[in-house]
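The two complexes that follow have subunit A in common; it is paired with subunit B in the first and with subunit C in the second.
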Partner chain A sequence: MRFYGTEIASRLMLGTAQYPSPAVLAEAFRRSGAGIATVSVRREAGGEKAGAAFWDLVRELGVSLLPNTAGCHSVREAVTTAQMARELFGTSWIKLEVIGHTDTLQPDPFALVEAARILTEEGFQVFPYTTEDVVLADRLLNAGCEVLMPWGAPIGTGLGLTNIYGLRTLRAQFPDVPMVVDAGLGLPSQAAMAMEMGYDAVLLNTAVAKAGDPAAMAEGFARAVEAGRLAFEADPMEPRDMAAPSTPVIGKAFLS
Partner chain B sequence: MTRATILGAGVAGLCVATELIGRGCAVTVVDPAPEHGPHACSWWAGGMLAPFCEGETAEEPVVRLGRKAADWWARQGVPVIRQGTLVVTLGRDRRELDRFARRVPQHRRLDGAALAALEPDLGGRFERGLHVAEEAHLDPRAALRHLRERLSQAGAVFASAPAPGAGLTVDCRGLAARDVLPDLRGVKGEMAVLRSADIRLSRPVRLLHPRFPLYVVPRPGGLFMLGATQIESDDRRRSVRSVLELLSAAYALHPAFGEAELVEIGADARPAFPDNLPRLSRRGDTIRVNGLFRHGFLLAPALARMAAEMACDGTTPELMHADHG
Partner chain C sequence: MQIMVNGSPTDVAAATLAAVLDELGYGGATVATAVNEAFVPATRRNLALSPGDRLEIVAPRQGG
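What follows is the complex of A and B.
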């Protein structure tokens, strides 16, 4: 799997917020083998140096870092935060999040496209947090995005894949674009389903961080992601209405 | 008589001083400020002695060691209010309460009537809640003032700089000890104090919320401490967003807080190690006690006892961290 030309070994991506401690966070990464960590450049943390101790701990995980613009509600805020993130983490990758609705934390599609265009022009490699909307996806690709991150459900809800039809359609429309189901996953089975549908990776945070045993849950997700990917690559059977015995019945005393 | 110099007059330093003076040491407490005040992280504490509720996310030693805290403070003559903790959620976050109940088994389930019997002013506002009865709270600023007075009466000396000379040093400087404890980090917490005559609470109330969790700790004089944010940052600015969140959550808990007087807004950075557990370490005649994170008043008594036993009896305590040398 490649994002903007960079080979990524693991198809599980984890956020770094809300864990009981940085030690538990590190254990979750170790046990899951997750290859990418998202990290939030929270403006309210206060200045560029204020969160340095925590960011050092995240860097020590030894995985690729994907800074995000979590909590931004406007194009300008998102662009400024992305510029700050590039300085801080020395990467052009940015998970672009522009929130349009306070309660559902739904992305603002119009601001998202505009911010994606500006950041791409500034040389960023943008991972937009988007909905499953096909038209919006097309606009984001036109704005220069080479990866898409559609939501499974609103952030932090753990509802799983709430619009399976939409996610299938999106995957089918852009078969060659790397796509990550981001947000809304609560259980490994939901991650497996996303992978079975042909998504390239999943990204989650709350489901692991808020589990009673985050490291165990992270490993559960890692195995589910692997299982779902194997199933996708194995070309699964189509469901059918008529029962078809896997062992032929001819020659057995089935009429007796 | 063993001479002991304690660096830092926050909750850790004063608890260590109390334990050492009780074992017959001659104690000097060194702190740049002449009295307890806003320079110390403990100044901004909630004063909840809630080991079981903290166990929702904290590791096992926090729960076990924290259980002894209420008795320790009471033995020092500090007023400790043993009314437990009340845990509630707003209507649509009901599942948060079930999750919390699973992780904090020391609770009793309350229906609306039982909740109203415990906290009449919250009656009719919540249909269910949890009561964690074996928990307590205290007024943290009054508690540390009291410890200082008792220490002075017992002959402890308070100084603004360490006097040269031999003897034991116990470093309880919190985040200021980052010069010698490089894996110590600051975790910012913001709090507010309100005054209201329109609402009375007998015990700390925790409002579970997926985005804006809140606790309210009642204090004498109609004061209520609201806490606390938890942000990975050693910055001490009080952000508008955090204060909005705290005040909105309080207003959701009870509209009377909307009419309350805003007495104080505070922020500080809690000292924490990567596992968010406290540590003791020793090099020569210096013992370090640090990383109490959000559990200062809950864990300082246990840590102080360990430090004193290590100093006086030569024991190697739990939470001893060898890496620090």
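What follows is the complex of A and C.
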């Protein structure tokens, strides 16, 4: 799997927020096998040095970093945040979030496209957090995005894939575009379903960080992602309405 | 002069961004900056600040 020409070994991407401790975070990453970690930038007080401590922690994970623009509600805010993130983390990758609705954390589609265009022109490699809307996806691709990250459900809800039809349609419309189901996953089975549908990867955070045993849940997601991908590659059978015996009928003993 | 630092009114003696960062205890810290909502790269911290400027100072943090 490649994102902007970079080969990524794992199809599971994991966030770094909300873990009970740095040690639990590190153990969750180890058992997840995740190849990409999402990170953010936030205000720091003078002499605080919290940023340096976190920076040391994520570097030791040995994964690629994907900074986000979480919490941004305008084009300018997102662009400035991305510029600061690029300098801090030394990567042109940016998970672009431009939030349009406070309760659902749904992206603002108009601002998202505009910010994606500006950032692409500035040399960023944009991973847009988007919806399953195919028209919006087309606009984002035209703006220069080479990866799409549709939500499964609103961030932090754990509801899973709330619009399977929409996600299937999006996948089918752009079969060659790397796509990640980002946000809303709560259980490994939901991640497996996304992978079975042909999504290239999943990105999650809360489902692992807020589990009673984050490291075990991380491994559960890793196995589900692998299982789902294998199923997709194996070309699943078509479902049918009527039963069809799997055991041969011919040769059955006549006993009545 | 008084400027806004991460949303709080702050009195500083220094006149440039680099000097203000030193004065406020950010010397050597892993931070990025924006002034009046515009990114200021580390290579341009000789920027002169004016009273009322809005300075944002951010660092790496956990994210989803």
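Going forward, the second predicted complex is superposed on the first by the 245 of 256 C-alpha atoms of A that agree within 3 Å, B and C clash if a C-alpha of one lies under 4 Å from a C-alpha of the other, contacts with A are read in each partner's own complex, and residues count from 1 in each chain.
Here is the rule we go by: contacts are C-beta pairs under 8 Å (C-beta built on N, C-alpha and C of every residue); 3 or more make two chains touch, one makes a residue touch a chain.
Owing to the predicted nature of the structure, the values given are computational and were not obtained by experimental measurement.
Asks: Taking the superposition as given, does A:Arg76 touch the first partner, subunit B, the second, subunit C, both, or neither?
Replies: second
Asks: Looking at A:Asp138, would you say it contacts subunit B, subunit C, both, or neither? Reply first, second, both or neither.
Replies: A:Asp138: touches no partner chain.
Asks: According to the stated criteria, A:Glu121 is in contact with first (subunit B), second (subunit C), both, or neither; which is it?
Replies: neither
Asks: Scan A:Phe54 for contacts with subunit B and subunit C and give back first, second, both or neither.
Replies: So A:Phe54 meets both subunit B and subunit C here.
Asks: By the touch definition at the top of the document, which applies to A:Pro67: first (subunit B), second (subunit C), both, or neither?
Replies: In the superposition, A:Pro67 touches subunit C alone.
Asks: Between subunit B and subunit C, whom does A:Val41 touch in the aligned arrangement: first, second, both, or neither?
Replies: Second partner only, subunit C.
Asks: Is A:Ala85 touching the first partner subunit B, the second partner subunit C, both, or neither of them?
Replies: Second partner only, subunit C.
Asks: So, A:Asp213: does it touch subunit B (first), subunit C (second), both, or neither?
Replies: neither
Asks: Check the contacts made with subunit A and report whether subunit B or subunit C touches more of its residues.
Replies: Comparing subunit B with subunit C, the partner touching more subunit A residues is C.
Asks: Need the overlap of the two footprints on subunit A, from subunit B and from subunit C, as residue ranges.
Replies: In subunit A, residues 42, 44-47, 50-51, 54 are touched by subunit B and also by subunit C.
Asks: Considering the complex alone, what residue numbers of subunit A touch subunit C?
Replies: Listed in rising order, the residues of subunit A that touch subunit C are 15-19, 25, 38-52, 54-55, 58, 67-68, 70, 76-77, 80-81, 83-85, 87-89, 155, 183, 205-206.
Asks: Mind listing the subunit A positions that touch subunit B in their complex?
Replies: The contact residues of subunit A facing subunit B are 20-24, 26, 42, 44-47, 50-51, 53-54, 57, 156, 212.
Asks: Going by the contact rule at the top, pick out the subunit C residues touching subunit A in the complex.
Replies: 6-7, 24-26, 29-34, 37-39, 41-42, 56-64
Asks: Would you pull the subunit B residues touching subunit A in the complex into a rising list?
Replies: By the definition above, subunit B touches subunit A via 57-59, 102-103, 185-186, 188, 210-211, 231-237, 239, 241-242, 272, 274-277.
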